[in-house]
Each structure stands twice: as structure tokens, then as C-alpha cells.
């Protein structure tokens, strides 16, 4: 296809503008998306996949040296982030099914939290969680659930 | 195809046996699977899909007359059941993203529980939940999360 | 002092009225005070002292047959009720320090709840609790706390 | 009373010894006792009285600049510390009855935690809490309770 010089200039400008916009969007999109690697305040690591269009993700939770959880193996997680890219502090939720060494106990943790970006641009995940260990019977159910918080910072 | 009477009898027996086994399996499988309709102790209803092979399900959470939650619209849920069909009291987890009337607040609930079958064969779901309402800023984060329990019984 | 019959009649009426009012007030006051004996939905019993003027009480938590908690001994509790006698559904809080058989582990439960009077006059205590078992070190702290609910009904 | 120089010397030595011992005991006793002033990770301050012989204390919870809780007034707290002076990381529990500006809503928080001494001698309080706001009726009870964590460091 033949173009006049004027058209070519206009195309080049449009391309440059698109690249600049893409860079801005990429930068903005990276803020407070769960995709990537995170370290918890108990020394565990978490790797989260790229988010799908509707905000879903999968990933892995890995034991850390500080956690003293040598019994935990790399465990799968699944969840989603709400209003990702639309709000400054999007909420998220994910479930981890724990893979345990030398144990067939069923343990599941539900994390519910929010991603905050600090004034320095650092992202922090604040989450509360419930951890359930399968009870043997209804009379044991009352003691099946633990509660706590986790704070995650991004590993660069 | 022609069959000898003996073969036919054997086939008929095999079919009958298969039906009996299927009935038993169906009966056993129905116990403490989340698939179906449930009513919570606060009067809400929950409809859960057939479980996938790996225990996943989707469904809806519906407001109930007793809940006094006229602000809540039918809301989607997703989750999974662990060791379904393999253990008598399987654990489960699911997330509800609340659809609210006249509000664009983001609210999410994570349920974590276990299904128990009573001596009368009645199934009951015992769950703890965390409910997070998006905080406007990190300094508001401390008050973002509610906690509670729900007990569900099957609607027949 | 001499009185005319009319005055005496008026006095007698006032006395009768006062007695009726006192009975009503007594009946109303008894509603949703924690003083007395309660049974939890897990089969434990709780005995609560008469409330002090500022709403404080002490008492005991006793293991029950249904609880399967033969390891628990009678354990002291202390707490207070807010706005007792002033509001229809007063809130309360109390702490139990568990006395355990064959164990010197420190376990404490904080109960936080509210007393509701049903249409039939039955009182019910709805409470959420946190149970902490002393962690050996900060790295074990994350798993020290359990959460759950208890519902108590009055033992008559 | 007259004393020989020897007796006087001995008395002076005994006094000096007593002072040294007192200093040691004081130093040891100060570790992970709740008595004193603390700052929470949300910027609130807490002042705790000297512990009684059986570990009880009272005190005040004060709003802080970072908390954005200008609605909170100085609020009384009461609680106790278990095994104070006997174990390295004693547990504690206390209840705060919130005094609110321009509000007669009843709000109560139960804190349940443990005191840890770091390798640098710094004391840190790790606590989970439940916060209940009085519900108007049983059908509102499900949403009455919030949950979270607080970390306190000593103000010197």
C-alpha cells in the first residue's frame, strides 16, 4: 500500500502515542495486581499467575525458612481480584489447599484481603484468613478453625 | 445379534447388579455433597451446581425473607469440596461476590466449612466466614472484616 | 395519724399499684441478665454470679457430656454486661482461663456476645469467641488462635 | 540506736545488695509485663496499670493521630496477664468498652494475645481481637462482629 508522507507522519505519531499510552497503562496496571511473587510476614512465598480478564488467578504457596513449616509442601491456590485496574485498592480472595508432608489431613485456608499502594509506590497485601483442619466429627467441629492475618510485600 | 438364553440371563443379571450398585453409589454419593439447594440459619438460600470431577462447583446465594437483607441481590458463588465421596465429612470452601442494590461497594465473603451427616441421614453444613467490605484507605483497613458462622440445611 | 377512709383507700391502691409495678420491673429485669445457669450448643454448662451494680460478674465454665472435653476441668470466668436492665438486648463479654487435666498449657477464651429475648420470653446468648493457646515462640504465633461461635440457652 | 562501724558496714552492704537485686528483679519483671505505655500499629496508645499479684490490670485506650478515629474518646480497659514473670512469652486478655463522641452505640473489643521479647530485648504484643457493635435485633446479629489483629510496641 502507498501512502503520502503526510499520512506516514500521522501514522508514526499515532504509533508513538500508542506506545506512550501503553507504557502508562502498563505501569498503572502493575499497581496492586496480585500477579507476581510475594513474601508473607511469616516468611512464606506466594507466586500468582497473570490475571484473567475477569480477575481470576491461580498460583502456589511455598513454605519459607522463617515459617518453621517444614511440614508444608508447595500448595496450589486459586482466587480472584475484584475491580482490578478499576480502583486504587482492589480487594481479593483466594483459597489454598495445603499439601502436607507425612500427613493426609485436609487443611484449607481462605484469604480475604485488599491491596494497598503506599506513597512510595510499594504494594502491600493486607489479608485476614481462616484455616480449617478437617474435624473427625460434629462434636470436634468447634475447634476446627483458626484465624489470623497476613501481610505480603512484593518480591522484586 | 443372537444370544443363547444363558448369555441373556447373565446379561440381565449383570444389568440388575449394575442398577443396584448404581443406586447404592448414588445414595452414598448424595451424602454430604454440596450440590443442591440449602437454607442458612439466617434464612438465606444457596443453590450449588453439580460438582466437577475435581470437586469444583459454582452457584448462587439468594436473599431470604428472614435475613432482612433486601439490599442483597442474587449473588454468584464459586468453590470446591475436598475429598468429596471419599470421606464421611468432607470440607469445603467457597467465595461469594455480593451484588448489592443501590450500591457499588465491593463486598466479598469467604466461607470455610465441613459437611456433616447426622444419624438421621440429614446433612448439615457448618461454616465460618469472613466478610470484607472494601476499605477506602489503609488506615480504614482495620475495620474492613466481619466474622461469623453459618449453618445450612438441605432444602428438599 | 388519722386518715379518712378515702385516703386509706387511695393508699391501698397505691401500694397495690407499686407491687404490680415492682413485679413487672422484676420480670423485665430478669430478662437477658447473664446471672444463672446456661447450657452451650456444645453441651457445656456455665454458671454466672449475680451482677454487681456496674454489671460485672464471675462464674464457672463446666465441661459437659456432649462436649467430649474430658480434659477440661471446671474453669473460672470473669466479665461484664453492658447496659444491663437498660436495653432489651444487652451485650456482654467474659474471659475464661481453662483449667486442663494433665496439662500445663495456658489456654484462654474471650467471649463477646449479646443476649436476645425471643417472642416466647426465652433468653438466648449469641457469642463469638477467640481461643488462644500459648505459642512457644513468635514464629508459632500465627497458629495460636481459634475462632468460633457459641449459643447458650438458660437452664431452668 | 548505736551501732559499731562493722555493723554499719554490714548494713550498708546489705542495702546495696538489696538495691542491686531490686534492680535485677525490676529489669526481669519489666520484660513482657503489660504495665506501661504502648503504641498500636494503627497509631493508638494504651496505658496499662501495674499488675496486681494475680496478674490483673486496668488502663486506658487512647485514640491516636494516625488512627483517624476522632470519634473515639479515652476508653477504659480491664484484663489480666497469665503466668506473668513465670514464662518468657506470657499470654494476656483484656476488654475495652469504647467511649464514643456523639454516639450512644455500645461497642466492646476483646483482645487476646501474647507478649514476645525480641533478641534486642524489645517487647511486642501480638493480639487478635473481636469488636462487637450492639445489634438491634437477632436478625442483625450476624453482622455485629469484626475481627482483626493489633501489634503493640512499648513507648519509652
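Going by the order they are written in, the chains are A, B, C and D; count residues from 1 in each one.
Note that in this section a residue touches a chain if its C-beta (ideal position, glycine included) is under 8 Å from a C-beta of that chain, and two chains touch if they have at least 3 such contacts.
In UniProt terms, the chains line up like this: A, B, C, D = Avidin.
None of the values given here were measured: they were computed from a predicted structure.
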{"item": "Pair of chains joined by more contacts [C-beta pairs], A-C or A-B", "value": "A-B"}
{"item": "Chain located farthest away, centre of chain A as origin (C-alpha)", "value": "C"}
{"item": "Where chain A and chain C are represented by their mean Cα positions, the distance between them in whole Å", "value": "43"}
{"item": "Gap in Å, rounded to a whole number, between the CA centres of chain B and chain A", "value": "25"}
{"item": "Residue numbers of chain B (touch at least two other chains)", "value": "128, 130-131, 145, 147-148"}
{"item": "Touch list for chain C against partner chain B, complex", "value": "128, 147-149"}
{"item": "Residues on chain B engaged by chain A in the complex (per definition of touch)", "value": "79-80, 82-83, 87, 89-91, 93, 95, 97, 106, 108-114, 116, 118, 124, 126, 128-132, 134-138, 141, 144-145, 147"}
{"item": "In the complex with chain A, residue positions of chain C that touch it", "value": "42, 66-68, 130-131, 139-140, 142-143, 145-148, 150"}
